[in-house]
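Naming follows writing order (A, B and C), and every chain is counted from residue 1.
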Amino acid sequence: MNERREFLKGAIIFFPAGGVLTALAREAAGKETVGKDAPGTDAKAQPNGKKAYNPADHWYGMGVEIDKCIGCNRCAVACKAENDVPDQPFFFRTWVERYTIARSGNVNVENISIGPQLEKAQDAREILRSFFVPKLCNHCANPPCVQVCPVNATFTTPDGAVIVDAERCIGCRYCIQACPYGARYLHPKTRTADKCTFCYHRIVKGLQPACVEVCPTQARIFGDLKSRASRLTRFMRFNKIHVLKPQLNTEPKVYYAQLDGEVR
Amino acid sequence: MKMPEQVNRLAIVIGILVGVTLLTRFVLIPRSLVSTELHWTEAAKREVAKPVKFAGSTVCQDCHEDVAIKKAKGFHKTLACESCHGPAIKHTEDPSAMKPPAPRDRKFCPVCHAYDSSRPTGFPQINPTAHNPLKPCISCHNAHDPVPPKAPRECSACHAQIERAKAVSSHALIGCTTCHNAPARHKTAPRQALPSKPETREFCGTCHGAAGKKAPKEAPKVDLSTHGGRSLCWECHYPHLPEGRV
Amino acid sequence: MSPHAADGLSEMLGQVTGFIFPNEIEIHWGILIVVYPYVTGLVAGAFILASLVKVFKIKEVQPTYRLSLLTALAFLLTATLPLLLHLGQPLRFYEILLTPNPTSAMAMFGFVYAWYLMAVLLLEIWFEYRCDLIRMAQSARFPLDWIYRVLSLFSKDTSEEARSFDRKAIQAITIIGIPSAFLLHGYVGFIFGSVKANPWWGSVLMPIVFLMSAIVSGIALVILLYMVLAGIRREPIEMACLDKIASYLFYAVIVDFSLEALDFIHRLYQSEESVKILGSLITHKLFMSLFVIQILLGMFIPLGILALAKARGFNDDLRKLLYFTAVILIQLGIFATRWNVVIGGQLFSKSFRGLMTYKMEVMGIEGLLASLVLLALPFAILAVLVKLLPIKLAGETATP
């Protein structure tokens, strides 16, 4: 009986004490949040009178028109040049796939970015459809990679790009496993996760991503979904839009027009 | 009844452990190490500071205005300068220090223009081995305005794949213009001035309908009133190779 | 990945069948990540066996109680090592504790692990051994006597009251410990089960199947250690205990098999998009490790052996031999289960159109040798623990 009284006394002190400790901890944590410090901005406006770049004003996405892609692979080459991606055929921030769909229903897919492909002797009369599909990180609005990163090394910037903090990443590769699109790889030198950044260092300065810049047929376009006058917004208006693996609810922001149902 | 002695000792040890942990985490460790917001901002800044390699085609025309104007009127108007000349940011910083290479090799242009069955039809494609062998592409085509030296006489210059299929079909001796009206502008602005396709069943019926007056004897005949329902003929039959391809 | 690995990758390009996304050529979670769920599974399983004594009051299993606890501790201490070795930047591991992402199962696992180690396992072992520690502190020579004194937290009370409190504390901790053990290994299952990008992993059943196979492997391990330890010490094995544990093992294997069969039948019946490539995966890449090792050697044959030992009244020695064989096969089978999940899930492309291969390095920080060392390490730790903290294998009650 006495034991129970003692126990209750202890419990009565324990919960408020716990509450106080928790509150103290929370307050200490609250002191850590920093005011929003946008990248590329200064405290005052730029000297030439242009408004400082505010990431919250933008929400970037990319559009890809399948019927325009000629599979020249200039995009993948330019990306590797711009972003110092290792030159070997195992690490890609972006690549181009070729689909060949035969009358039999057989679908043959190959990656034209990993190197020259052997000419397959295929009877042209048996081919139903054939086309190229550029692929890259979809910079999802509901990214599974950001969800699983244990150290918050990968995150979405306020303007919609998903990037990796290479100084925080511990190289656990959970994000690589979680990405449904195979967009990520482990950089062999830094041993951290790496992927397409929408050429973040270019887009905040008003330039286009390298892959969009060099595409000869403008099969890739880039734009700001928050802007009414961006090329991407018009693209979304004129085309029926598809995304890759919509059933996974990752809300990708790379929008495909004329995407074939066989594309995964 | 007092607390058992071992629980007191345990409580002390646990209290010390928890206390040290909380102290370390919330007091001793500086905010810069643990603030995720701060880290993200810093990471974005580091990302933005990375070097740019491609200057972007709008910059080129500041100095190379004549080339830019010429290119803007031709077939390569959508092609960025650096697609062919490579990343040129260093050239914009100090033009004499780095000259972007100008590709003149015959191997370069086929990267886009070699025939590939997966490329969209109508995109200008050639067979690199057969098309004017050994001559550099630029000897006939100015890269900034690559209009062919002579307007192609025959449709097969751009539509070789269709021509190849038709050549082995029963329609081999029928000229392209028999069924397709190609406006003259089609040779210079192919995607804006498109050739026509037959729009009625009666069109094919001129040869294949039972009552056709001009119908050649060898052309197979069908009763247009019953054959094929409401579909247009080419919605089922591939006219360039009727007996073969879909 | 070692510097030579780039050559290894080009070799693997030649072994790809079908189409894969280019970045998928590298298998990221290798043998080390197979060892990790295997080890945490043993922890959970051994603890569940210990809980049979304290919570479900199965008296016959008493002789293995302390062994189960120490086994769980030995394996728990080494559980994080494979993870550490496999990180691309191992020296940054502290980030996971400093700035954990609350939506990441991997980050939250660090805290579950800390909770289980501190608040369940160490606490329970302390209460269990407290009186023994006090006794040994008085009788041991230097430096051991000081070690025991520190371990006992300088406690001195061995009265009946204190002991009865210890017993109640152990019961309370074990009651909390069972869901904690479930959480510990269930979390590992959740780390895989929550990945929607991967249809081989992403399944609601994954944490449950992981847990059940963990219980199977943990019980089998304790049987193995009990028999080995008794053999080393030349002490008699209590057959009532062994028979009881083997009986629980039998039922556990049946439940585990049922769950895995359910998963298989469910997939086959639903026939979702991934069923073709997964079928290709198990027939071409996982045939040996799945059908032969995991199912035949790891489940059917041990089930047969255990059923035989149960049904026929064999003599003690024959039963011991049968149990020993069964538990070795079960360990192989459960390791193969982990392999099939971890490696298997990375052998097919997320395009559902191709298969890759895994080339296990022998040397190197993520190689076979490192994994074998990590698997041997807990046994070494256990040997030290058993020397330090006494276990009486037969005819004793734990808390005197």
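Going forward, contacts are C-beta pairs under 8 Å (C-beta built on N, C-alpha and C of every residue); 3 or more make two chains touch, one makes a residue touch a chain.
Computed from a predicted model, the values in this text were never measured in an experiment.
Listed by label, the chains that touch subunit A and also subunit C are B. Ranked by distance of CA centroids from subunit A, the top chain is C. Each chain gets a centre from its C-alpha atoms; the one nearest the centre of all protein C-alpha atoms is A. If you average the Cα atoms of subunit A and of subunit C, the two centres end up 36 Å apart. Separating the centre of subunit B from that of subunit C, both taken as means of CA atoms, is a distance of 52 Å.
Between subunit A and subunit B the centroid-to-centroid distance comes to 21 Å (mean Cα coordinates, whole Å). For subunit B, residues touching at least two other chains, in rising order: 34, 36, 39.
Counting partner chains per residue, subunit C has residues 99 touching two or more of them. Counting partner chains per residue, subunit A shows two or more touched chains at residues 152, 168. Across the interface of their complex, subunit A is touched by residues 1, 5-6, 9-10, 13, 19-26, 28-29, 83, 86-90, 92-93, 95-96, 99-101, 103-107, 110, 191, 194-198, 346, 349-353 of subunit C.
Contacts from subunit B toward subunit C in the complex involve residues 4-7, 9-10, 12-13, 17, 25, 29, 33-34, 36, 39. The touching residues of subunit A, when paired with subunit C in their complex, are 88-92, 95, 97, 107-111, 113-114, 135, 144, 147-153, 168-174, 176-186, 188, 190-193, 248, 264.
Residues 1-3, 22, 26-27, 31, 34-54, 56-57, 76, 78-80, 82-83, 86-87, 111-112, 116-120, 123, 161, 165, 241, 244-246 of subunit B are the ones touching subunit A in the complex.
Of all residues in subunit A, only 2-3, 6, 10, 21, 25, 28-29, 31-34, 36-40, 55, 67-74, 78, 81-83, 98-100, 103, 124-125, 127-128, 130-132, 152, 155, 157, 163-168, 197, 200-202, 204-205, 207-208, 210, 213-218 touch subunit B in the complex they form.
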